[in-house]
Amino acid sequence: MQLQYQLLLFTLLLAASDALVQDFCVADLSLPAGPAGYPCKKSVTENDFVFSGLAASGNTSNIISAAVTPAFDGQFPGVNGLGISIARLDLAPGGVIPLHTHPGGSEILVVIEGTICAGFISSFGNTPYLKTLNKGDIMVFPVGLLHFQFNSGKGPALAFVSFSTQNPGLQITDFALFKNDFPTELVAKTTFLDVAQIKKLKGVLGGTN
Amino acid sequence: MQLQYQLLLFTLLLAASDALVQDFCVADLSLPAGPAGYPCKKSVTENDFVFSGLAASGNTSNIISAAVTPAFDGQFPGVNGLGISIARLDLAPGGVIPLHTHPGGSEILVVIEGTICAGFISSFGNTPYLKTLNKGDIMVFPVGLLHFQFNSGKGPALAFVSFSTQNPGLQITDFALFKNDFPTELVAKTTFLDVAQIKKLKGVLGGTN
Amino acid sequence: MQLQYQLLLFTLLLAASDALVQDFCVADLSLPAGPAGYPCKKSVTENDFVFSGLAASGNTSNIISAAVTPAFDGQFPGVNGLGISIARLDLAPGGVIPLHTHPGGSEILVVIEGTICAGFISSFGNTPYLKTLNKGDIMVFPVGLLHFQFNSGKGPALAFVSFSTQNPGLQITDFALFKNDFPTELVAKTTFLDVAQIKKLKGVLGGTN
Amino acid sequence: MQLQYQLLLFTLLLAASDALVQDFCVADLSLPAGPAGYPCKKSVTENDFVFSGLAASGNTSNIISAAVTPAFDGQFPGVNGLGISIARLDLAPGGVIPLHTHPGGSEILVVIEGTICAGFISSFGNTPYLKTLNKGDIMVFPVGLLHFQFNSGKGPALAFVSFSTQNPGLQITDFALFKNDFPTELVAKTTFLDVAQIKKLKGVLGGTN
Amino acid sequence: MQLQYQLLLFTLLLAASDALVQDFCVADLSLPAGPAGYPCKKSVTENDFVFSGLAASGNTSNIISAAVTPAFDGQFPGVNGLGISIARLDLAPGGVIPLHTHPGGSEILVVIEGTICAGFISSFGNTPYLKTLNKGDIMVFPVGLLHFQFNSGKGPALAFVSFSTQNPGLQITDFALFKNDFPTELVAKTTFLDVAQIKKLKGVLGGTN
Amino acid sequence: MQLQYQLLLFTLLLAASDALVQDFCVADLSLPAGPAGYPCKKSVTENDFVFSGLAASGNTSNIISAAVTPAFDGQFPGVNGLGISIARLDLAPGGVIPLHTHPGGSEILVVIEGTICAGFISSFGNTPYLKTLNKGDIMVFPVGLLHFQFNSGKGPALAFVSFSTQNPGLQITDFALFKNDFPTELVAKTTFLDVAQIKKLKGVLGGTN
């Protein structure tokens, strides 16, 4: 009977061989990406589907007392083409992830440790949706809307955030306005912020012009 | 021979009748929308595919000396399900469309009259991409990124902006921060703006808290 | 100047009002779903975007010493239309999530506590990709492929699993074969399992025929 | 041990129940469709996934000596939301499916009986791709391009055509031009056909104006 | 305090660097495209997002007294991957864009100058939807359906047409039938047009066979 | 007049030339695929859209008395990017296609000859949907669900199966469990099958460990 099975295997696999290469598409980061992601690596192992880069705390010794550690396609090529990615959020006491958007995808946050105040603002009516989240709570942030998280507890806070895309992008409003050479005059004109305020934050964040 | 054609029509159309209802799906705004848009109207005419609401100039007698007039699914139900929409931009001399994002889609702007300075900021490296556009020039703004337009000429400016979705949304950063009851303390904490600056703009835009 | 801003707001919002209703689409579970998800609720609050149902451990007092607690669209209507969802995995010592697929989406698992052995099998070459994961490790499981997780440590294990869809589905192979009235004869014919084996597992899982 | 399994089932299914309703979405044709298809039927049986309407030959006693019998969402609600549909083509000797497009999807044709000459025309360079197909041959027609099939053999021909959507639409060029009240003057203006030719075909197909 | 911000930037950007490369994907036209578009250029400037090729009138000194000037991915690589493109329509008095389809996307037209009569034909019931459009009017043409535009006024007409894709394609029915080597016999067989009519138009358009 | 038409062609085609390359995207299998499929071949002929590999019966002289012959992107590069593919099923008397899933797409089966018993199992409630299909009957199998087909008649059976993707994948449960080096201990742990049963089938299918 084994022989017959062998024949079966031969028949089925010979016919199907080329057809089955796309169960997954681990990114070959050495080739240029396209709109749908990176070309697929030819040869993969189990290590392409596992990532340990989120196991250690991010360094929160900075002014926001916070760190974002991503596992997007650039860090974790196994997610290429799969429509999902994840990141780690470390928030020391007082830590904050400033207002930002992810242009490319929606986000779910799950609190692992501590207490996090989070919120987003809808474009319709400019309504803020704010909530204090405890361990085990989850919150969803719809694609492209301004949102933030900060540690509202006394100890450190830890969360994981998942995204509906392999690379959601991250646009921190303050960085977009003040940490570049976007001319102060144009920032003022398009935000109505005072020039002094703009110059102050450009100074802090290293922006010019 | 006509009879034979009639038979053909009878045969073909009888078989195909129910299958062909989805050339388009004009929105029935009286029913609740879903993630892909509104349910389809049962009966349509040519008027469902035409809209004259962009023919007149928007009223620019306001502080930004500008007006946005949309033809999204809510105003122009014919675009429902078709992945496209359009809006009209009127910019009086000095007019500006403040920094904003469209969470749902990319945008192409075409200048019809006047001179417009436009720009967007990428999330990677916070690079501003700025350009002065003259009549007939077009510019594309990738989905979800902060961008702006202002009249950099002496006379009025007119542009049409198209979107890669039936409803791109519109989140004006200033409105999201200052034109609502988003607490001043939280705005300060998540943007590093000074409290005085926040209160000033909340005063102007009608925000509270 | 406030007056002028008020005029601006009036102008902009009047024009844009209907267009901006789709920042999100919280599921109205009382209406029938369609292929893209549920119709949107008319009125939402911050509570629609937050879920506490994953905060408590699942009950692992069962034969697999494991529990899956989902936050899919049915439990967490805020994810409707956003292409993402999440679930909690509790694995007591010895606990196992038997071989299963998610027909609708890819999965990322992050280990919060304990040690988990996980794996999936590709359809091309029937290659198993197996790995032991420690706290903070992540693993991605491509859409539709057979995979499993079990607690390979000494204490309890906890993980969160995110999905690239609002409702990934869950097809446990054993349940599909043995926990229903799928005739034993057909199970044998289509799996080559021995009838005695099938009857034994049908007995355990409550299957008939 | 059975008891423990029962507990498992209870635990798992209680948690997962609402989450798993979307393995499929059989169309409820009594409700209005949306851009993604019809709302899902609440209760289904195996008969919702099977269709016998393609088993019998279509009636080819008509001027084109051909018949198209569709199994699109309107006829076969089981395909709703699944991105696939099928139709049967019967071509008596001399039979022809006139030039047409499917606005919504690509097509694969497989010849079951007889000999069929088929072709499509690309929009780039207006290149015709023509081929005579025998039993068992397949041909693919890219979405939206003009194509045709006719019986180039001596006996009857039978084919099945599959589509990459639940409802591809069907626009037969001759019907669009001549079998309606599209004014002869406009047909002439937009096609450069002679008025006499237009009137002749309008007469045959039952068009007016 | 600046030092602390610098630390923040270092931390955040180091972690996120590779993750943020896909705000956009300007086409590298020197590499082969795939189904989702072209691979992304490595280095971009603001000029990649701006195009002046639509600023000048198209040359309407031809038999249709009309010109279409596209800004699709091939001309305007900045739209690659963004699901949108645009073109300019110039119609001299009497000018006409003959019946055509865009296999790949839906279209919105906005009239900038003059009066344009436009229409499309649905596949269901072969219903024509016709309308005369004045300056500022918009009309939407659902994907894949036959449509046309002609100048119905006395002076020149100008319009911009936007598409729901980076490359909608353009299949002009007359060109597909008569401006190639598609054999006259096959044109006749699949359109029911008279051979004399076909030969006449092939003569005019340069077709053979 | 011909001259004028020539001018038209020149004008239109010059403007549009680069824009129209993506009516289709025949796979260049020599280049690495990406998540959306293979890069497009530069030069194509009508033979790229036709495939004769399904014309001959598959070899059913094997233990399952069955053969699957695919025309996926690997065998039939013309389907690349078009969201559709097809395969041929040959079932000798007694033949069976064992329980399997297609991770990537839904399937429609049409019976060409003989009698086929087919079924799938939903993940919700583990409900089997079983049906005996005769010549001309069709059945749809929703994406990712376990399903099977076997010849329930006396003579040979033939079917064609179409898929909603260019490469649906094929995961045969028995092969995933027993035809590889997936350790027996892990198979037992994650399926509850007896070790003896596993070893027996591993022996038959050539698995190890």
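When the chains are written out, they are named A, B, C, D, E and F in that same order, and each has its own residue count from 1.
Note that in this section a residue touches a chain if its C-beta (ideal position, glycine included) is under 8 Å from a C-beta of that chain, and two chains touch if they have at least 3 such contacts.
Note that the structure is predicted; figures quoted are calculated from it, not measured.
Contact with both chain C and chain E is made by A, B, D, F.
Taken together, chain C and chain F share the touching chains A, D. Greatest centre-to-centre distance from chain E is found for C, with centres as Cα means.
Matching the C-alpha atoms of chain A with those of chain F calls for a turn of 120 degrees, to the nearest 5.
Chain centres here are Cα averages; for chain A and chain C they lie 20 Å apart.
Each chain gets a centre from the mean of its Cα atoms; for chain B and chain D, those two points are 34 Å apart.
For this pair, chain D with chain E, the centres built from the Cα atoms lie 26 Å apart.
Shown for chain E are the residues in touch with two or more other chains, namely 20-21, 23, 31, 34-36, 103-104, 119, 123-125, 130, 142-143, 145, 169-170, 172, 175, 179, 204.
Contacting chain pairs (ordered by label): A-B, A-C, A-E, A-F, B-C, B-D, B-E, C-D, C-F, D-E, D-F, E-F. By the touch rule above, chain D contacts chain B in their complex via residues 29, 31-36, 58-59, 61-64, 67-70, 72-75, 103-104, 167, 169-170, 172, 175, 179, 203-206. Partner chain C is touched in their complex by these residues of chain A: 20-21, 23-24, 45-47, 49-52, 54-56, 71, 76, 78-79, 82-86, 88, 105-108, 110, 112, 119-120, 122-125, 129-131, 133-143, 145, 160, 162-165. Against chain E, in their complex, chain D makes its touches with residues 96, 98-99, 101-104, 117, 119, 121, 123-128, 130, 142-146, 148, 150, 169-171, 173-177, 179-182, 186, 189-194, 197, 200-201, 204.
On chain B, the positions that touch chain D within their shared complex are 1-2, 4-12, 15-23, 25, 28, 31, 34-40, 42, 80-81.
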